[in-house]
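The following pair of complexes shares a single chain, chain A, combined with chain B in the former and chain C in the latter.
Right after this comes the complex of A and B.
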């Protein structure tokens, strides 16, 4: 029974990879353009904003919380950048965006970690407040970005497109933070069992707080990368971005129940979602089925996560007659 | 070596510790000493004060009176952290490990060594120190292995390794052997002996008296929140310890019952088996009879009830309710056949806190109040709920607008009982029906039980309070490790014999050592 459960868990963990393979096979057989290096580079560039969001979201999900405000943070900091920072050099613009978005994340973190408000509700609140402020400062009109920012989209570093460089930098920092620092390992402990972590003497609240700060800052970063790509934003900018980010993280193996997963998965999940979207465009699919496909992918991700957590819980069960089980 | 030094003062001394919770005194001056390099067994019945004493020692609670000293210094920990820093490591029955992290990460989670001035974990040092610590507890596993992939006994050794890293002087082990296999137990004993030889003092809390006698030099027996006696292992044996543990005066008064059990069998259980949970459990309960189930913590009492009621799957065995066999026991089928089950956890399983008394009572049996397709007749429901509320002596008769959460614990329990009585159950399984309720409410629960059996119902009573089981039951079964270990008729009730049966060793004596 034990080993059967473990095999099922392995299969569940492999499900997103099988899904990715299936997407490659299906679209590859429907179009010759799909499986080309140029198209794949394109997919990675397009996936960059969601990948960065998903990496930030991973921190929050690891602590068994959720951040619904990331799309609003993208929109609000995008408005700040386009409306007030048009004349400054882009590195200063980026710094301001990062600080502003980290502060918004800190608001979420304070509400959740120190005031004890359920993260779903707290971040839903900041979502509407953030969007509200952004719409009022922009008068819901389109906000255009100056050439100094949009030209970054065409910039390369050693021949690598800037969006990919941005994702790579974010990914490496996030990975090191989670895997190689005490803070990162403690994030996992807090997400697994907050009571046990507190009992062991870990500063659980502070850890949760900083995960929201990171998620906020990376939402700003994702917004910046996205701004360079699209040149102008409207009131619908960033809508439902939180769902893509959560779906990407969960598809990559990060659990909604906390304590399991990592940023590698977030990267994979973002690529998977973008690959599916790209394939639909290439085969000229009816645009109205896009949400259905995305919803299907999210559904699979969440179902797999739920099943896996349930199985793990069963494996952790203790028995009165242990010698009969081993 | 340390063993050569003759210790001239105890490592730990506890003098006259008292503690009350909500005005009820649970510790009446507990005193004992622990010497370096010795293992002290701490035994007592459920509720004798073992856990409270150890929680005070471990800094979880603070005592009301008395004093403790550790290695000659006054010791008064205000938190588990402080206790840990002072050198007391408390290994709870529920281990405090993170299954999603590796062994080495669990060992150092609170104080990762950093590399030089940079904030990165010094993985090399962590690995080396983890190997050393694992070697000390004889655990031959890579430090990178996830704790979630370890067996229970291995996890316990990781906790001990963690205590060694913290340089613990006193190691408290709470029921360390209950969820271990025999081989793991032997390994644990070897480690305990090694720690003793290094001068660590061990407090070994256990219901497994054989294990206590095997590993401890001295044994302290607690009863009713006070120490009954402490003696050397050589001067004790298991029956002597058991007779020290019992002998509590029965303070509760149990109402008389006017009827005798009838002939017909209300619940017949035969060969009930589920791997890891229960083994070949067979018994009958007759109509009008109360059968008590007595067992220690972790003996599988509640789990057996869950199996019978169909909450957990069974591998083999049969269950008959009033002559009708339950083919595939599910809660729905059990309820239809006339079984009722009052769980031990009324807050989570038995009651909707934000619903009214009426809604709580009617919820599981709305069918009875159906007035049309999909509609429930409010009037009939209110009347019946009112009657039931009076029958169980609920403190309020405003059954429609009183929410469950506004009732006292005792009255909440009565609502749950009323809910089940509505179905007129043939067999009522009561799991800890009086836990956490006051003496008056207990008396009323006892009266309800009597009334139920006088009307021909059968009751399966599970309780960790042995007086309660003895006071109410016509017959008592004892359970240990998911097996029935004894059966006593009312005329032959004897506390010592019942406790001895509940502690009877169960399971393979020794597994084949590969």
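Right after this comes the complex of A and C.
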């Protein structure tokens, strides 16, 4: 019984990697263009916005909360950038976007951490508010970005495309913050057992608040990167972005129940989703199929997470000394 | 005074009724366009929302953060299917109803399996099924404009009996039935028990999984019926048809005084919550506010109400100690 459980958990944990392998094998056998370095670079560049979103989402998920408003933050800050900051140099534009999106994240954080509103309702509300504000400032018309911003897409740093540089910078900062600082440890502690963390003297509310600020700021960053890539945004921009972000984080092993996971997984998850999408494009699949495939991947990811959490919970309940089964 | 305040605490729907009356009073003072005539329009719009919101209420009552975000897509899909199967003839209404009920049952069972068996958080599971359904609708059909609804269905959805919209009578009946189920029937009691403390309910012999699954089936079935009636009312079906019902159904439940943590719901409150939300939307349409403003106001209202409503609950949980907090905060 003991070893069978361990094998099941190992299998559940390996499921996303097996899925990735399967995707590579299937599309690789269907098209010879798929498994090329050029295509892989392409995949990484396209995955950049979702990867950044997912890294931010990881912080929120680790505290056992959720942020559904990231797509709205992308749309709203994109509108601000395109409508009001067309003439300024891009670093200033990026700064304004980051500050604005961090403020929006702070609103979420305050609602959840200090007013005690369930996070999925609070952020569902701010999702509608954010999209509403964006639609009224843009009058639901398309917003175009100036050449100064779209040219960033072709820019490189030491030969590395700018989008990849952006992801790398975000990833390194997030990884250090989460794995090497007291704040990071506290995030895990709050997510695993909020009561115990509070009793141990951790400022649980403040930690949850800052996780939402990080998620908001990174949503703004993701929006900025995707603005450089697509050049114009419409009223449907950022719809269901929260979905891909959550899926990417969960695929990478971050639990929806808090306390387990990390930013490395978010990167992997974003790559997996984008690889599947890219493969579908390369084999010329019906565009209507894409959402079904994405949804299928998400189902697998969250089902694995749910079953794993359930099993771990059951094991911990049955064994008085839980470390013996680990 | 003591009696009154404890009565209000037990009957939280009073607040939404007061809200409706105040907003109605302000509206009739400010503009003469709000009249008894427009009242029936508000009642009809609210009725479509009531059916969706009652289903949402059952799901929310099961607690654990359960919510049904697939309602919007179920409404759109069943609107299409209803129009296509009935095809404008009264003779095929039975067939159409069967098809629509089939959709509701299938989606509800899918949600239930995902949530209860696979333990996927309801928010993600229902968002995903909604996503899949929306794509299915997209593949199956683009849009049906100006389709003719069958006369009988059109009468049910848009007709009046003695000046009262038939839809409103249906909504009232649904509210009465839900009230009965929640307050008087065994299922309602087990539903509340599951929402208040699932572990205790299970130990007391309640089959909590089955109770939760039933709530999801009720929600999808009501949404499916709602969609079919809505398509008969507007005489067409389009993809974004159900979209407003996503936030509004949750909003109406919360506004009506049901606890978002589950375990305590009121069907009458949901009714008044629906009327209040529809009044707010109508006000904004009369005022001619720019696009997007409706979403902003609805979001602000819902967050505001929750901010007010969550405080006493949190205080009570804090007093009950960590066990209570864990039960309420657990996903």
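In this text, the second predicted complex is superposed on the first by the 317 of 326 C-alpha atoms of A that agree within 3 Å, B and C clash if a C-alpha of one lies under 4 Å from a C-alpha of the other, contacts with A are read in each partner's own complex, and residues count from 1 in each chain.
Please note the rule applied: a contact is a pair of C-beta atoms (placed from the backbone, for glycine too) under 8 Å apart; a residue touches a chain by one contact, two chains touch by 3 or more.
Keep in mind it's a predicted model, so treat the numbers as computed, not measured.
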First (chain B), second (chain C), both or neither touched by A:234: neither
Chain B versus chain C as contact partner of A:176, first or second or both or neither: first
Which superposed partner A:66 touches (first chain B, second chain C, both, neither): second
Chain A residues touched - chain C or chain B, whichever exceeds: C
Which of chain B and chain C A:201 touches, first, second, both or neither: first
Touching partner for A:156 - first (chain B), second (chain C), both, neither: neither
Chain B versus chain C as contact partner of A:41, first or second or both or neither: neither
Intersection of the chain A residues that touch chain B with those that touch chain C: none
Complex contact set, residues of chain A against chain B: 176, 180-183, 185-186, 188-189, 191-193, 196-197, 199-202, 259-260, 312, 315-316, 318-326
Contact footprint of chain A on chain B as seen in their complex: 80-81, 84, 96-101, 105, 109-110, 112, 114, 119-121, 123, 148, 151-152, 179-182, 275-279, 298-300, 303, 481-482, 507-508, 511
Chain A to chain C touching residues, read off their complex: 64, 66, 111, 115-118, 120-122, 124-129, 131-136, 139-140, 194-195, 240, 243, 246, 256-258, 288, 291-292, 295, 298-299, 302-303, 305-307, 309-310
Footprint of chain A on chain C - complex, ascending: 65, 67, 114, 118-121, 123-125, 127-128, 131-132, 134-135, 138-139, 247, 250, 254, 260-261, 290-300, 302-303, 306-307, 310-311, 313-314, 322, 325-326, 329, 331
